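Alright, structures below, take your time with them.
What follows is a pair of complexes built around subunit A, which joins subunit B in one and subunit C in the other.
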Partner chain A sequence: MSIDKSKITVTQFVFTIVCFIESSAVLSSFSVGISGKDSWFTMIMGYLVFLILVFVISQIMRRYPDKTLIEINNEVFGNVLGRIISVFYIWFFVTLTSLNLLDTQVFASISIMTKTPPIVLMATFMVICVWALRNGISVMTRYMTVIGLLAFAITVFAFIIAFQKFHLSNLLPPMQQKPIVYVQASHIVSTIPFGEIIVFLMLTPNVSSSSKKYGRYILIGTLLGVISMLLVAIRDIGVLGETIKYFTVPSLETQRVSSISKIFSRLEVLYTIIFTALMYSKIVVLLYAATAAIAQFFKLKTYKNISLLIAALCIVYTLNLYDSGISHGLSGMLVVPFLWSFIEYILPILTLCVILIKSKFKKEGTENDAVRVNGKRGNLSLGPSLGN
Partner chain B sequence: MLFALMASAAICLLDLPSAIRTKEKREITIVSILSALVIILCFLQAFGVNLPKLMTLINEFFMWLGIYYKM
Partner chain C sequence: MSAKKITRRLLSVTAVVLIIAVLGGCWDKVELNAISIITGIGVDAIPDNPDLMNVTIQSANVKALSGPASGGGGGDGEAPFIINEEQSKSISEAITQIERRTSRSPFTHHNQIIVVGKDYCKNGIQSVVDTFLREDEMRVETSIVVADGTAREMLSVKTEIEKSASQWIPGMLASLNYNVGKVDVSVLDFASQILKPSGAAVIPLIKVEDTSLQKPMLKEKNAQQQEKKDEGEEKSGEEEKDEKKEAEEEKSEKKNGGEIETKTLSFVGFAVFKGPYFVGEMGVAEMKGYRWLNGDVTSTRVSLSVGSGTANVNVTNAKFKKKVRLDESGKLIADFSIIADAAVLESIGIDDTDIKRYTKVLTEVMSEQIKKEIEDCLEKAKELNADVFGFLNTLYEKHPKDYKRIEEKRDEVFKNMTLITDIKITIQDTGKLKKSILEKWWNDEH
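Coming up: the complex of A and B.
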């Protein structure tokens, strides 16, 4: 049973996924820093790998539509092993919230609020997220459709504005790098924005849908998100060329250099507005997942009583994640894809395998029982005939 | 320091009272323990105590294991 009784519509669910993926455009610097002008290709490859996870998640959701990830772990692996696996997921949700909070703070510090102390930025952002969270999941996701559509509209508008500076030659010649570069960049893309979708297993019981076609909803949401990400990547590569590798937020630089005459210039303000809104949509979902998971782990009645303290924990954790920005960048490129692969891909696949094995044994058990019952009935019916 | 004070005040004025309102011993105990831990962490951070950089440690562990992309 869900810890939050409020329901969200399928549209809200799909657009929450769209916002979640679109907000990851800023994190493209991990893969862009490696594959450079071929980033669009690695995004497609990463998405294709991610389709495995879509299948796994949808199968789990279909089998346990009324349970969250923590409850599924307890049911599938038992009380002890299930709780150990849940600890991994809780750590993952808290870390992911903190990492995204760090990205938002870094972005705000380098682009709009250069003199504001980081802790003020983070605390203000988290207060808004907690405020939404304490009102329940339906309030939390109410504006996702607007944010998602607005983000897409701004992306298209920015693409048109940047067209003057767009050079197709920056995208050519494609596929000239070593194969390992494509493997690494695709691996990063499949884990850092896409694999994080696993968090939506905490929202399953709140989706009010009669058809329960979860795979289709996730597919539509991520597809819309990836189209937006591809547009951003192609635009940034076309405008910045090989220099794209050297920027922390390439999209911001693209917007800075784009303009139509002198009237439409300094359009990065549009990007910063929509980026902040998108990051809110991502962090609020992650914070909900972390809070709800911790509340369910400790068998609390509601997650609202611990929302503020989890937010405070995330802020302190954000300040103690990495030694420096370089360490963060290198970690995202070299180590984190392996670490996240274990939580985002291996654990869910393992869960699905155990579910399938258990259901097979259960089926065989019921079949054997049915045979035994039928046999007894046969003997009973045979009795009188033998007597005759 | 200001953040630590504000976070502690917010937790003590919002999270703890709503846990107490449930009148369940388990709920109150768990929320109190978690609150105390977080408040201690906030003050350690405020006093400039060097807390372990968790992700850096994990990075180093993975590099020691050899599980990473070589540049």
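Coming up: the complex of A and C.
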């Protein structure tokens, strides 16, 4: 049972996922720095790997449609082990919130607000997120449709205006790098951002859908998001060419370079606007997941009372995560994908395996009960049953 | 309404106002009268000190631009720009040092042009490329040109029509892009080109010249000076002192934005680079071939000599095809074809009674001429060992396995490459005249 009783429509849910994925399109430098002009290919490969997670999540949600991730852990693994695993997830949600907050702050500090102190930026941003959060999940996701569609429209517009500087030859020749490069880049993409969809297991009980086809909703949302990501990647490669590997924010440079004569120029402001909106939509979902998870873990009646506290902790955590942007970048390429793989892929697969094993034993137990009932006339003997 | 509710509302409104102020960028406000808008940056070599560079910063003189005399070109008002110079190890250091003696902080977001002196290029332009790609305030799409002379001189002149070189040069390059073909090169274009397999790139070469009015006056002045020299007139000590004082005053006036001579800037070719190092030049003659080979021709005029006659033809709608392959021996062969339309603009002394024969003759001569321009340009590129046309890049993009075979010796392969050209130009019209009205005077001696 979700800690927030309000309901959201399927459209809001899907577009929340779209915004979640699109926000990562604008910060693609983790994988682009490795795969360079083949990053469009590694994106597709990463998405194909992610489909495994979609299958796993849909199977879990099919069996526990009205439960959040924390409750599922308790159900599947029992109270003790379930809570230990929930701690991993809570740490993951809080860290993800902090990392995305750091990305937002760094981007704003570099590009538009160079003199504003980072803590002021982060605090004001988090106040807005907490404000939305305290009004409930329906308010939080109310504008996701608008933001998602606007972001897609701006992506398409940006692609059109970049066409003058677009050279198809910059995409050639494809796949000339060592196989390990593609493996590494695909691994990064499958964990950042696709694997982060696991946070939506905290929101699925709030979706008002009779069919409960969560796997389909996640698939549609991520597919729309990945189309946007591919457009951005192809545009950036076509415009920047060999230099794409060297820029920290390639999309920003592409927007700076793009123009239609002198009338529409210096359009990086569009990118900045949509980036801020998308990062808000991502951080608010992550903050909700973290707050709701902690509230459920500690069996609180409501998550709203602790939202400001969690937000403050996230800010402090953000300030202490990395000592520099360089270590953040290196960590994102070399360390984080492995950590996230454990939480985003291994734990859910383990959860599903345990669910399947339990349900198999439960089924066998039920069959044995039926045999015993039929065998001994009138005597009911209840054998051991698992999974209750 | 209870006191608690009122307090809550007041706090909410205060919070909203603060959030809007912070996230709206009020903390980062920059007043217009606190910044000095840099419009051009120039870099020159210092002859006695190769470790340092002479950085020239051209800033907009807002007072002169906004005042009533700003529209006049007579020089009665202040110059529309301010020049600051500094010798330093890098452009960023120079800007920091200039900041110490100005009342406004330099603002490089609106920099229009980067001018690099030819002498500086010979040591490589790594510093310029890295600074403009790396620094957040610098924009990667800023155009870069090489000054056939010094960057300081180029940025210090006033130009006709536009107020300064930093406005003139981008305008000229944009006009050439539109009318002739792509000549404008930004820092990003240059960086992308040198990272490709051929590693070669070109940058427009611009020269400061006297205006068409000044040229006869200057000629006269030079002639007078030569006469004096020939007659062996010795200048008196006082005359020499006067001349020196005049020259110094002129220099200081120029620096302070006083009466500055109006000059013109001409596009005289391309500076060729291999990586960040300058390797040579392509003049106007080779430039034509370069544009053909790059497929950048939107429209161009070709002057033809046909026997004793001449013709001028406008070539348009050009379509290019470039195919590159390696033969079994590893020799690079490029098949290059041009299909275009042409219109006769001028025709004197060429027999045009039979229109079919006339157009055939013109087409043949035109094809030969274009082929020669292309071959001359290719020879020059081979001489400089710089594949500025991208043959090696095309081989890498279309046949990466073949490219890997010759990667180690690609320079040698480029030098020995063969170019097969196929030019098909169709004369679509002969202008408003079907044939020349001046036929009966062709053979007249005048």
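Convention: the second predicted complex is superposed on the first by the 375 of 388 C-alpha atoms of A that agree within 3 Å, B and C clash if a C-alpha of one lies under 4 Å from a C-alpha of the other, contacts with A are read in each partner's own complex, and residues count from 1 in each chain.
Please note the rule applied: a residue touches a chain if its C-beta (ideal position, glycine included) is under 8 Å from a C-beta of that chain, and two chains touch if they have at least 3 such contacts.
Worth saying up front: this structure is predicted, and the values here are computed from it rather than measured.
Asks: Quick check on the superposition: with subunit A as the shared anchor, is it clash or fit for subunit B versus subunit C?
Replies: Overlaying the two structures gives subunit B and subunit C room side by side.
Asks: Let me test your reading of the model: by the given contact rule, A:Ala312 touches which partner, first (subunit B), second (subunit C), both or neither?
Replies: After superposing on A, A:Ala312 lies in contact with subunit B but is clear of subunit C.
Asks: Quick one: classify A:Val335 as touching subunit B (first), subunit C (second), both or neither.
Replies: A:Val335 contacts subunit B only, not subunit C.
Asks: What is the contact status of A:Ser359 with respect to subunit B (first) and subunit C (second): first, second, both, or neither?
Replies: So A:Ser359 meets neither subunit B nor subunit C here.
Asks: Taking the superposition on A as described, I'd like to know which of subunit B and subunit C A:Met113 touches: first, second, both or neither.
Replies: The answer is second: A:Met113 touches subunit C but not subunit B.
Asks: Is A:Gln184 contacted by the first partner subunit B, the second partner subunit C, both or neither?
Replies: first
Asks: Considering only touches as defined above, state whether A:Ile128 meets subunit B (first), subunit C (second), both or neither.
Replies: Only subunit C is touched by A:Ile128; subunit B is not.
Asks: May I ask you to decide whether A:Glu242 touches subunit B, subunit C, both, or neither, giving the answer as first, second, both or neither?
Replies: second
Asks: I want to verify one number. Taking the Cα centroids, what angle sits at subunit A between subunit B and subunit C, in steps of 10 degrees?
Replies: Vertex subunit A, arms to subunit B and subunit C: 100 degrees.
Asks: Using the touch criterion from the header, give the chain among subunit B and subunit C with more contacted residues in subunit A.
Replies: B
Asks: Looking at the superposed set of three chains, what is the minimum CA distance between subunit B and subunit C in Å?
Replies: 10
Asks: Given the complex with subunit C, which residues does subunit A contribute to the contact?
Replies: 110-117, 120-121, 124-125, 127-128, 169-170, 172-173, 176, 240-243, 246, 253, 256-257, 259
Asks: If we count contacts the way the header does, which residues on subunit B are in touch with subunit A in the complex?
Replies: Against subunit A, subunit B makes touches at 3, 6-7, 10-11, 14-15, 18-19, 22, 24, 26-27, 30-31, 34-35, 38, 41-42, 45, 51-56, 58-59, 62-63, 67-69, 71.
Asks: Along subunit A, where are the residues that touch subunit B in the complex?
Replies: Those residues of subunit A that touch subunit B are 95, 119, 123, 180, 184, 294, 298-302, 304-309, 312-313, 315-317, 319-323, 327-328, 330-331, 333-335, 337-339.
Asks: Flag every residue of subunit C that touches subunit A in the complex, lowest number first.
Replies: Touching subunit A from subunit C are residues 15, 18-19, 22-23, 25, 27-28, 133, 136, 139-141, 186, 188, 191-192, 195-196, 393-394, 396-398, 400.
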